[in-house]
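In structure tokens below, several structures.
Look at the two complexes coming up: subunit A is in both, with subunit B in one and subunit C in the other.
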Partner chain A sequence: MRIERRLRQPWWLSVVVPIVSICVAILLGALVLLLTGHPPLHNYRRLFDAAFLAKGALSDTVISATPLAFTGLAAAVAFRMNLFNIGGEGQLYAGAITGATAGLLLAGAPSPIVIAGMIAAGAAGGAVLAAIPGIFRAFLSTNEIITSLMLNYVVALVLDYLIFDSHSYLRDTSGFEASVFPQGKTLPDEATWPSWTLHGLALPFGFLVAIGVAALVWALYSRTRFGFEVQVIGDSARAGRYAGMRTRRKILAVMCLSGAIAGLGGASQDGDFRHQLDPRGLTAANYGYAGIVVAALARYNPFAVVLIAFLLGGLQNAGYTLQGADFPAGLVGVMQGLILFCTLGGELFVRYRVRIERPARKPARPAVEAGA
Partner chain B sequence: MSGEVQASPPPSPVARTAVALRGITKRFPAVVANDGIDFEAAEGEVHALLGENGAGKTTLSNILTGLYRPDEGEIVLFGKRAEFHSPRDALDAGIAMVHQHFRLVSPFTVAENVVLGDHRDIGRTFVLRPRAIERRVAELSSRYGLSVHPRARIWQLSVGEQQRVEILKALYQDARILILDEPTAVLTPQEADSLFETIRAMAADGRTVIFISHKLHEVKAVADRVTVLRRGKSVATVPAAEATRRSLAALMVGREVELGRRQEHGREAGEPVLELEGLCAGGDRGTPALRDVSLTVRAGEIVAIAGVAGNGQRELAEAIAGMRPATSGVVRVEERRLRTGDPRYAIRAGIAYVPEDRLGTGVAPGLSVASNVVLKSYRKPPVSQGPLLRLGRIREIARRVMERYDVRASGPHVPAWQLSGGNVQKVVLAREFSGKPRVLVAASPTRGLDVAGIETVHEYLREAAASGVGVLLISEDLDEILALADRIAVMYEGEIVGERDAGTATVEELGLLMAGGAEEQA
Partner chain C sequence: MNNSLLVVVLASGVAYGTPLLYAALGEVLAERSGVLNLGVEGMMLVGAVMGFWTVQRVHATSSVALIGAIGVAALAGAAMAAIHAFLVVTLRANQIVSGLALTIFAGAAGLSSYLGNDLNLAGSPAKHQFQEIFPKSLQDAPVIGPIFFGQSILVYASWICVVLVALYLGRTRAGLNLRAVGESPAAADAMGINVAAYRYAHTLVGGAFAGIGGAAFSLSVTPQWVDGITQGSGWIAIALVIFAFWRPTLCLVGAYFFGAFTALPFALQSHGVTVAPELFQSLPYVMTVLALVLVSSRAARLRFGAPAALGLPYVREER
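Then we have the complex of A and B:
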């Protein structure tokens, strides 16, 4: 058996391989279920029902998918330039903090203004945070994986501090209950993002924003000078410099863009779903890290990111719904892991071709010793 | 020509055929790399495989070493049909290859590297027996004139010595057929001479040496027979002694070529377009690489920088092109002072630059030919409008360029890394010329190209000069310099040690300057 690099990648491979990979993941998952004594078909059916078919399941799936779409896009935007921004998690927190602050500060203003303010503040919060590893990377060649990752913990602590360890502007200090169970101030009604219902499917505003961002990212990367520069620098930084591109500025810009998108995800959490700054809920969800998985599965294609976010969102949602004694608790985690594993493994088949040859191993070792 | 008949006599007819390839065909998407190739080499023969880049030499050697499988045809080894499923099968059958890029582990010793690729008895025992291995390595190296110490570590060795280790690796594994892929490309003339002696010693021992090259004089000097490949076909096999450089070149490119004759062009140099004054710059390791370089290039003139590699030529080109900041000194383009250290200013001032490192600097290898064609012009119409790219226009421009400069690829969407070296260089040149430059800095623009490719590049450089561009050509090849330049400056240890008019300069004089002999001469 041999593995050769493909000279040409047929277009259909990038569609067929992921689908086959997911099927393989499902089969492996079934094997795990069988081995642990659970009927696979029954459990898969329940999983699928809870994710997509049951009443209201689709709406809940969209709710789970929205933050994943944002963090997935954030990761994809940076990875396209070989910038490994692992800080989507922290940038989402930062966006949630600034978004909630804007929502509270603008209370009383007309709703569209409050929402626009939250969007701008959330994006700015994420961008400013991402600029820190961006500056270090661009001007001091520091490894952005480490710096962006470490900042996640810093922001998580800031988040805790704001609600649990201080009487900050964002903390609810009004009643007795709030002093026993610290929580964020509830945002005013004007700061609630709208949602639309289509045939029973509730589409939150944040999800639509994510689709819009995906379209913008696609256009930016494939149709603009900026995107061209990102492609060149991502492929060969030296070639970019040779062509007179400002590589450092571009690194900083892409990091900020990536952070801004993650920050939007944070603002959407405030406005669409939580209506307060909710440290426990945000830090427990691991949206940022899941976003990296989403981006990898989507092969950094922005539209695929939204689709994958939807699928993984469904899985997550089903996990929440089915929590209980009669459902194998680890199944959702196992499935997520298997899907990632199989899809990354499937990548191999897109880039390489495996040749299986007849095992006719008769090495022709002719009589050559005579001459030596 | 007396030096060219020293080759050992052709093997006697009784010599056994070591390897025969019959009707080898290998197809890749959009190209037939090998098209019914027949090839035969006897035991004790040095057989040269001559051909342009893209003629199919590399594909053929990959088939012979088991890396590719042929679509059609057969390999016959010592009279028996052989089929390779992996490079290991080929190694087992006694075929070894010395690649252009060495595959050595640099912190390991020579002996360790030699034994590394060996999977037979000695290497298979759990405990290495370093003494025995070192003894065998020392024995082989003295027998074939491959002087290198078995306990030296690879990083301590020069490029020439590293190549010897590669050859030792092959000999240690008892290779009966050695394929050397352009082995002299990295060697100094002295090292090349000693390599030729090794090759002859190996052949005298009954081994078969397949020598891949596109340098005609080497083929003449070392080979018994020459097989010429052209566009994937074997066009002729001739005894080296009977061939002339001209006849080989003709076979290789399919027509008679001008070889190394300087063409007088009665043009007059114009105003200075590029002036360097006391230019100094640091090298990659922080030590000064350029010392006080002053030079003028006029419009319509080709000025060549001669010198042995590593004497500051690359740094000079980079400093002019803005890839390297100057520590002091001035660069002027058409009387205007250029800010150094930023390629964008250099591009704007009208400096075109053909970098030494084609794949990786000259082009972004993963991007399409079309993207690489507009790598420098994407900022302006017609390629872009405001912040938006005009993709249709880009494809159109790329198609036109590919046609005009004869870039061979199946379309503008093909990624640059899939192109052969010559075609990549055509893309680079096409882009640089299309920017309508005032100055063209070309660093080793023909390195690694075949005869036709070299000819094309030379033609473009002459054309550029004829159209009034000031050309600064950096080259290690004196023949090339003498064929092209109007003036020649010689660099030695970061300084310009002499400037000569090309009409009166002699090779001896230039060679002395290049070797740092300026002081004695004065």
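Then we have the complex of A and C:
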């Protein structure tokens, strides 16, 4: 058996392979369920019901999908340049911290100003955090994978510190309950992001922002010189430098852009859903890591990111809804992992051709070789 | 004297550092072969749950049950690593994404929680756990007693593992081949070394070590099962590998150093000093970033940096 690189990738492969991969993942998941004595069909139906069909399920799925879309876009932007920013998690926290701070500081101002301030602060918070690994990578060639990963934990601890172990500006220190159960200050009403309802489907402002960001990222990467240069540098930094491109600036810019998008996701968590800085909720959800999964499944295409975020958001939402004694705990993580394993493995069949050859017994056929 | 802050912190630093040490040793082996496995946290959790399951279900004497549990945990960790190895070595997938997928698949909201729930493990203490092996009189020796003699067999076994891994990497043919595979797979291939086999073997052994590290949590540090029992130790282990410049002996130092930071806030609290624990908990991460930045220069990277082919798939036709 030989594996050889395809010179041309037929267009249908990039549609068929992911679909087959997901089917394989579903079969493997069914196998796990069977082996542990759970009826697979019944559990899958409940999962699907809770994610997309039940009353209000679709709206909840959009809520779960919104942060995934942001972190997915953040990962896609950087990964396209072969810049492995896996700090989306921390950048989202940073955006949530700065976004909540802006929301509290601007209390009393007209709502659009407060919301604009939160968006700007969230993006800035994420961008500043991402700039740290960005600067190290651009100027010292320090591996950005590990530095961005480590900063996730640092910011998670900062988040805990702000709410649980200090009397920070963001912590609610009024009243008896707040002193026993530490929590963030509730944001003012002006800082609540709007939400629109279409045929019973609630669309939060943050989700629309994510779609807008996806469109911008697409335009940036396929319609501008910046995007072109980023992709050249991503493929070969040396070639880019010889062609006169500013590789260091581009690395830094892409890291900051990626961080800003993740930070927007944090601000959207404050404004759309949580209405306070909520360390437990943010850290438990693992949006940043799941976002990398989303980006990889979407093959770094921004519109596909939003779509995949919606599908995986459905899975997460179903996991929350079905939490309880009669639903296997951890199934959602197992399913997410399996889907990712299968799509990653399936990628091979898009890029390579597997040719099964029997060892040649007869002498080679010179006539055919000459004809070809 | 044995209640003094320093002794308490060092003694519990050794205890807390031991799971980190096992996981980091495994990751050193995998990364030295050029395979970055970010799934350590997932492998540790599956090792923890399967090890715990073994002691709860097996009817045997304490020592047999515990040895069996370590074996099962190692196998479980290796099985998880096998998924990663298959994806990145045979299917040439992106190592970062695959490792993260492994953590999501096996981690606190995935397979480990699924198994813990299905095997009904939560809420009961471990039937057997690793105990201090030296007599009380030795443990009470001033200063060195709690640190060197107040530990479980897992700690002493980890020292042997450190020596073995260090000798393996520096003094054996296979170890030198391994380093060649991690630094320059094309050259290793030309020498006749089977790159894929080396990568598979060491990723699997790395997974086994991570599984043992997980079991050290559920059978020694906090002898029980709760979802996400390792609390992010897998990530600290990955940091530790970098902090130790991919050297097993430095892993030992780093593991106890990082372990001491975990223990310090509690020890300070019992001495009446309240410090935000987050400050100390964040130090391992900050120091890892600093260590990475400090060895960023080209000369330092050649000596202390990552294996040159770390994270890159090796395809003979495309080298």
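Keep in mind that, in the parts below, the second predicted complex is superposed on the first by the 356 of 372 C-alpha atoms of A that agree within 3 Å, B and C clash if a C-alpha of one lies under 4 Å from a C-alpha of the other, contacts with A are read in each partner's own complex, and residues count from 1 in each chain.
We take it that contacts are C-beta pairs under 8 Å (C-beta built on N, C-alpha and C of every residue); 3 or more make two chains touch, one makes a residue touch a chain.
Remember, it's a predicted structure, so these values are computed and weren't measured experimentally.
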Looking at the overlay, what does A:151 touch: subunit B (first), subunit C (second), both, or neither?
second
Just to be sure I read the superposition right, which of the two partners does A:232 touch: subunit B = first, subunit C = second, or both, or neither?
first
Compare subunit B and subunit C by how many residues of subunit A each one touches, and report the one with more.
C
Have a look at where A:240 lands relative to subunit B and subunit C in the superposition and call it first, second, both or neither.
first
Touch test for A:19: subunit B only (first), subunit C only (second), both, or neither?
neither
Quick check for you: in the superposed arrangement, does A:216 touch first (subunit B), second (subunit C), both or neither?
neither
Now for A:27: first (subunit B), second (subunit C), both, or neither, which partner does it touch?
neither
Which of the two partners, first being subunit B and second being subunit C, lies in contact with A:224: first, second, both, or neither?
first
Now for A:286: first (subunit B), second (subunit C), both, or neither, which partner does it touch?
second
With touch defined as at the start, can you tell me which subunit B residues reach subunit A in the complex?
28-29, 43, 77-83, 85-86, 89, 92-94, 174, 176, 205-207, 321-323, 342-344, 346-348, 353, 355, 357, 360-367, 371, 375-376, 378-379, 384, 387-389, 391, 418
Could you list, by residue number, the parts of subunit A that touch subunit B in their complex?
2, 7-8, 223-229, 231-232, 235-236, 238-246, 357, 360-361, 363-368, 371-372
Going by the contact rule set out above, which residues of subunit A touch subunit C in the complex?
4-5, 32, 36, 84, 86, 132, 136, 140-143, 145-147, 149-151, 153-154, 157-158, 160-161, 165-166, 286, 289-290, 292-293, 296, 319, 328-334, 336-338, 340-341, 344-345, 347-348, 352
As the complex stands, subunit C meets subunit A at residues 36, 38, 83, 86-87, 91-94, 96-98, 100-118, 227, 232, 235, 238-239, 242, 276-279, 281-282, 285-286, 288-289, 292-293, 296-297, 306, 311, 317-318
